[in-house]
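We call the chains A, B and C, going by the order they appear; numbering starts again at 1 in every chain.
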Amino acid sequence: MDYSLDLGAVTRNFGPLLEGLWVTIQLTLAANVIGLVLGFVIALLVMSRVALIRVPATAFVEFFRCTPAIVQIVWFFYCVPMLFNIYLGSMTMGIVALGLNLAAFNGEAYRAAIQSVPREHRDAAVALGLSPLQSTLHIILPTAFRLAIPVLLTNGIVIFQQSALVAIVAVPDLMYEAKSLATKTYRPIETFTIVALVYFAVSFPISQLVGWLERRRSVAMA
Amino acid sequence: MELDFSIVLRFADALAYGLWLTIRLTLICIITGGALGFLLALARRSKNRLLRGASTVYVEFFRGTPVLIQLFWIFFCLPIILGVELSSFVSGVIALTLYTAAITSETFRSSLGTVSREQIDACVALGLPARVQVTSVVLPQALLRAMPTLLSNTISLFKESSLVSAVGMADLMFVGQNISNNTARPVEMLTAVALIYFAVAFPLTRAVSVLEGRILRKLAA
Amino acid sequence: MFDGAKDQTALVRMDGLHKSFGPVRVLQGLDIEMKRGDRVVVIGPSGGGKSTLLRVLMGLENINAGSISFGGQPYISVKDGKTVIDPKVRRSIGMVFQHYTLFPHLSVLQNLILAPCKVNGESASGAKERARALLTRFGLGAKADAYPNQLSGGQKQRVAIARALMLDPKLMLFDEVTSALDPELVAEVEQVMLELAAQDMPMVIVTHDMWFARNIASRVIFCAGGVVVEDGPPEQVLGSPIHERTREFINRVFHIRT
């Protein structure tokens, strides 16, 4: 290899990388807020008995799940302004695009969790004389939330990683800063390796937490 | 603004060319990545601590970083390290193979874990030697159980492969974006691209559910 | 029909078997000698070591102390705290489990011929021929190409018995083979077992069904607390047991619904 490593090229330019990381984290957190709230609403719509509500909601979910996130983001950045004459800041656009994507995946997670609450729990609630609303609020939803948490967390980390895609539409996130730094300094190995490690350092603890939660649950269920 | 979707038809050949690259990438990488993933799953269940540790780090690392940065790393860093020019197709295949291996290894790992203790007892009671237990009972059941998830992994790969457009490979996404830039018709072109991805991925997701039901019923016996 | 039928020499000798699961001592010095003509039914309270006894006899569990010989040959022993099992001897024992344990990815016929072909090196065509004959005998001739999930519980259990018989075992073990079945399917499985009994196949059966025990057993062993409490002909152990503990148990299970 005719290439000597020079980590200084990266450490001297840590400022922009840190700013990029901050943008990435803001994108992730904001998208997660949208995803957690809107995802829950979508799950309820998908389970509606009214076809007029259920069908569009299902179409929304399937569409986001069956197309690449990069297509969604590029489409959003190019087409929304043209179609609706709305010009949002690139940061806002990134948040909304990622948030809608996450809402579709979280909607599925909520739906699966609600439907996996054992039939016996509902029956027991009825036998105890709870009204349908009471049994939903006090029995089904709390159980469902607990079941959904590991998947919601996993989806949250995935969106952290997917947020790198906004670099393609020039949102100055961690990925974007990495790319411009690599080009500017001609130091792709140092830059991309360090930035990959930064992404990993954020994702890994959360994925370990998910694993721990799941192990704890399988013990509790046994 | 006025929409004119007939423009999509004028570029049908180019889009078909892009889709073909996307499909080739997906099929090649699910096979190479699946094979590597299977070996990784075995390594993660190995008694050798070094093998187990190394494979765990590999899987966690590839699952814990954006695919885009993995792709950039392979495209821009690997040729420097190896000191050879890699064609973009080869780089794309390497990057997506390494990523797919991490994903499928988790699929294989969990399916290997589902073969029950009772099945092994039955093997012992029939006097089957360890090698036969693995080749005739454990692996066939584990692979069968892995099939629906592997198909899901393939669908994910089909979608993730669109990232190669960011390093200039002429896949469906790249072709669509290119045409949309040149014709200034992003709404029509990008919508068409999205619909093409959807038209391939959606029926496959339905197939996953059907396949899953069948296989679970079969293995429940 | 089977080797050594009506022979009164020892087929199995178990000496001082000890087995613990962690702190729980399941077998606490079990001594049983089984003759070639014996059909032993083991009864007793749950947790009393019945199933563990069968699993140890099949070589599925390690033991802490004791030894087993089979047909006069050493079979299982403990050396330096490790259980040593002779796999050759093990091959002459067959076992049927509570949950069928058919291989779900293989057809009925493939389930039957797997071990004969892979273990004994029998030709596939020869094994298939024997398998079909056995299936026909058990009323399953039409199911040879079915998969386990297409069978009823009773059919699955009959296939499991046929699968074990394919290796020409000298001893058959049945571990609660009708416990998971719907009541209307129990008889078809018990019928097959009675047929084997009529041909003097030596067997050890763990069951909760006292009526069936009385029908099939030549000898009943009452196991509790990891030891043999009472051992004798079915009329004695099930009819007028000598020990107080046996009597209590028999009274409870026979009058459980009154």
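The rule is simple: a contact is a pair of C-beta atoms (placed from the backbone, for glycine too) under 8 Å apart; a residue touches a chain by one contact, two chains touch by 3 or more.
Every value quoted in this text rests on a predicted model; they were computed, and no experiment measured them.
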| item | value |
| --- | --- |
| Between chain A and chain C, the fewest steps along chains that touch one another | 2 |
| Innermost chain, taking as reference the mean of every protein Cα atom displayed | B |
| Reference chain C; chain at largest CA-centroid distance | A |
| Contact-richer chain pair (by C-beta pairs counted) among B-C and A-B | A-B |
| Interchain centroid distance [CA atoms averaged], chain A/chain C, Å | 54 |
| Separation of mean Cα positions, chain C and chain B [Å, integer] | 47 |
| CA centroid of chain A to CA centroid of chain B, Å | 20 |
| Multi-partner residues of chain A (at least 2 other chains) | none |
| Sites on chain A touched by chain B in the complex | 1-3, 62-63, 65-72, 74-75, 78-79, 82-83, 157, 161-165, 167-168, 175, 178-179, 182, 188-189, 192-193, 195-196, 199-200, 203-204, 207 |
| Contact footprint of chain B on chain C as seen in their complex | 55, 58-60, 87, 90-91, 93-95, 97, 99-105, 114-115, 118-119, 147-149, 151, 156, 163-164, 167 |
| Residues on chain B engaged by chain C in the complex (per definition of touch) | 118-119, 121-122, 124-129, 132, 136-137, 140-141, 144, 217-221 |
| Touching residues (chain side chain B, partner chain A) in the complex | 1, 60-61, 63-70, 72-73, 76-77, 80-83, 155, 159-160, 162-163, 165-166, 173, 176-177, 180, 186-187, 190-191, 193-194, 197-198, 201-202, 205 |
